[in-house]
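What follows is a pair of complexes built around chain A, which joins chain B in one and chain C in the other.
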Partner chain A sequence: MYDLIIIGAGPAGLTAAIYAVRYGLNTLVIEKNVIPGQIATVTTIENYPGFTSISGMELMQKFKEHAEGAGATIQNNNVISVKEEQGKKVITTDDGGFETRAVILATGANPRKLGVEGEERLLTKGVSYCATCDGPLYGDLKVIVVGGGDSAMTDALVLSGIAKKVYVVHRRNELRACSILQERVSKKENISFIWDTVIQEIQGDELVEKVVLKNLNTGEITDMAIDGVFIYVGIDPNTSMVDTNKTENGFIVTDEQMESSVKGIFAAGDCRRTSVWQVVTAVSDGALAAISAHEYIISLDLER
Partner chain B sequence: MSTVINLIYSTNLYNTDKAKGVFDNMVKVTLVHSEKCHFCPTAQKMWRELKEQYDFEYEEIDLDTPKGREIAKEFKIRSIPTTIIDDKVAFVGVPDKKQASKVVA
Partner chain C sequence: MYDLIIIGAGPAGLTAAIYAVRYGLNTLVIEKNVIPGQIATVTTIENYPGFTSISGMELMQKFKEHAEGAGATIQNNNVISVKEEQGKKVITTDDGGFETRAVILATGANPRKLGVEGEERLLTKGVSYCATCDGPLYGDLKVIVVGGGDSAMTDALVLSGIAKKVYVVHRRNELRACSILQERVSKKENISFIWDTVIQEIQGDELVEKVVLKNLNTGEITDMAIDGVFIYVGIDPNTSMVDTNKTENGFIVTDEQMESSVKGIFAAGDCRRTSVWQVVTAVSDGALAAISAHEYIISLDLER
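Entry: the complex of A and B
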């Protein structure tokens, strides 16, 4: 039986792994992807201390090297369920089960869908959630970026260097993104803003051809020819494998020690109810979760 | 990243029953990928593992090459990783391993 299983090898999971290994806990990290972490989709990170500017993939690679160098074992596998059974935790994966004394869920999140007609059908045919991945396929084409936060602006900037024209469609008349990103975006000649507007429908036969826009102030509906729609309207957590207290949107509710409503199951990073979703806060969550898991495991030993 | 995004991105556009071809010719799998794409290594790992088990023709084409750009245009690719089987786009995103096995087994 493991002392600790960490599910997810993004910034939160790998930080937890570094701490856990250093506490001498018999630890396993389970990760589905070869390159983990939502942050791997980001072209440039400029707000993680120690790195003036680094790509998401590169930062993840460094985290991975650090964790493995510290002695963490990362296994590629898909977790189906996490259950509490007579004091121990049982984890079921695609390739069998594991038993552990404590669990840290660092399962992250995925881009939230707009939930409009055509989005699902035209996914990968012009609808995308990742400009770093799919952007290069839009050279000389016209695209829409939906959203007004940091992710939307970062990827609008990525796309402005590739596409002919980038339209930012935002439901408010101001951006939520940090001022430095707003300033950069405003300087790009091929980025225009369509304020107070939402996409009502994405249309196209084989590929995305147009969108139906609705102005929230005037109620006016317009059609707009477009080749791609990149969506950044928040995230949905990957928490369906576990039954703990969650918010309406599925984020795991924890206390300040990162412990969920189930003793010995902790959560860290984007899958947890929090007010910010940043690499630096995920890393902090991961450290706290590992420290708390260590304390929990010690308490189990004392109870014996 | 996670289960759901793989599901989001893994669109199976291919009828696996037709994969083997009428004359049972060797299946040709072409993976279009890029170094900037974080899901691509997972797709590469999966196809390379299948290649160890089964006999099929396998090629990886980097999108950031003239050949990659040409193939992206030809097949109207809008998302990567994209797997082309014979002359049809079969999977967009990381393919489901079981479905992918059926194609090449």
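Entry: the complex of A and C
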């Protein structure tokens, strides 16, 4: 039986592994993909301190070497379920089962795609899902923000301080965002709204050059020249394998020590309820989750 | 007038600077020391993901280059006071004053010293103030933990999972730590207690070899061979320059968004109330503080 199984080998999972191994815990990391998740798709990360500019792929390679060097074992496998059984946790995968005393879920989350032509091809070439990450590339340029919720408005405000002009393209004629955010964006002179409209296509050769817009009321199709498209139509956490308290969108609810509603099951990084999806917050979550898991395992020892 | 002044150029302050500059905020970092604080005294950091093993000095150099490369200005100066004046913040230094819209305190904290012979000379050579940081160096060795509070007992438990033997040396004959920690340490077979005793001297040539102990009841002096001495007799945050809600030990109380009891004054890293003093938690705090400061500054703009 393992002391700790960590599901997910992104920033949160690998940091948890580094800490857990250093505490002497018998630790296994299980990762679904050969190259872990969301972060590896990022061309350039410029806000993880210590690396002025690095690709997500490279950074994750460094994290992986670090964790393995510290003594962590990382296995490729797909976790189907995490269940509590008489004080221990049972993890079922595509390739057999594991028993462990504690579990850290670091399974990440994926931004929901628009699903339009050009979106995938131009990802990191003008298409982005994070203004805090990619906004600084758009100084003095024109960008679109797609969506009408809190994330869309928060990032529209971020972009309004960097870009020359921000257009919010929203499929309805009112925002879903909280009133304080609505008030703030409405007062920004360089933010304009394009209501009742969706993006039908993102076009460009090497970089985003324009979008094709469709007005849902009139059916009118128009082209619009643009330098960047920031998409906020939802984030889907990868949490279906576990049955803990979650938000309505599936994010795992934890306390400040990263413990979920089930004792001994912890969550860290993008899969837990948070308002910030950054590498720095994920590594902090991972460390805190490992510290908490270690304390939990010590408490189990004493119950014997 | 600056948008944001960050006090302290350790991990929290420099990360806040990277984020703030990327948000387009006019940002100044003020650091008291030529080489910033606590972290630079650490010989080897092995738990900041991405760097398998790096000195604190080197890591801070990388953070500094990163922040300056992003556009942050770092100035050497000693901050005497931070005051709220009619909606703006006024910072007084040894070398004049500054006005700013928001402030992030990232001034760090220093572990209290025993003040005995050998403590400073053998720092990082067997003397440590952090088991999570340095514990893994003591696999199969014997260590002393000095202190009787929560930090001492938490780290005694960490060390009991790594080292062969842990002696808790405490000046009283009972612990101050909470009962659950007391219960846990009392059940660990490789933890023993040396009551009513203080360390008078730490000896060793290149590395810690032994300590001189004094029993406060009998006055008896004894030598004891030991490989490591972990000291937990208090932590002093550098927060005297600001008047916000603090804990009885002087740590700044913040909410989860790093805001202090004074609007527009934020705190990040070791100087705020937390239970974990790690580089990964400091960088996360720094990013969150910058995000919150940015939101605060946007809200000020709209009040005009």
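One rule holds in what follows: the second predicted complex is superposed on the first by the 182 of 304 C-alpha atoms of A that agree within 3 Å, B and C clash if a C-alpha of one lies under 4 Å from a C-alpha of the other, contacts with A are read in each partner's own complex, and residues count from 1 in each chain.
Note that contacts are C-beta pairs under 8 Å (C-beta built on N, C-alpha and C of every residue); 3 or more make two chains touch, one makes a residue touch a chain.
Source: prediction; values computed, not measured.
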Q) Regarding the shared-chain residue A:228, is it in contact with chain B (first), chain C (second), both, or neither? A) first
(Q) Contacts for A:78 in the overlay, against chain B (first) and chain C (second): which applies, first, second, both or neither? (A) first
Q | chain C versus chain B, contacts on chain A by residue | A | C
Q: Give one of first, second, both or neither to describe whether A:108 is in contact with chain B, with chain C, with both, or with none.
A: first
Q: Kindly classify A:289 by the partners it touches after superposition: chain B alone (first), chain C alone (second), both, or neither?
A: neither
Q.
Contacts for A:136 in the overlay, against chain B (first) and chain C (second): which applies, first, second, both or neither?
A. both
Q. Which partner does A:116 contact after superposing on A: first (chain B), second (chain C), both, neither?
A. neither
Q. Taking the superposition as given, does A:62 touch the first partner, chain B, the second, chain C, both, or neither?
A. second
Q: Could you list which residues of chain A make contact with chain B in one structure and with chain C in the other?
A: 132, 136
Q.
Quick check on the complex: what are the chain A residues that touch chain B?
A. 8, 10, 32-38, 40-41, 43, 56-57, 60, 76, 78, 107-111, 123-126, 128-129, 132-134, 136-138, 206-208, 228, 236, 238
Q. What residues on chain C touch chain A, complex-wise?
A. 11, 14-15, 18-19, 22-25, 46-52, 59, 62-63, 65-67, 69-70, 132, 135-136, 157-158, 161-162, 180, 183-184, 187, 256, 276, 278, 280-281, 283-288, 291, 294-295, 298-299, 301-302
(Q) Applying the document's contact rule, which stretches of chain B touch chain A when the two form their complex? (A) 1-6, 8-9, 11, 34, 36-42, 44-45, 63-64, 72, 76-80, 82, 92-94
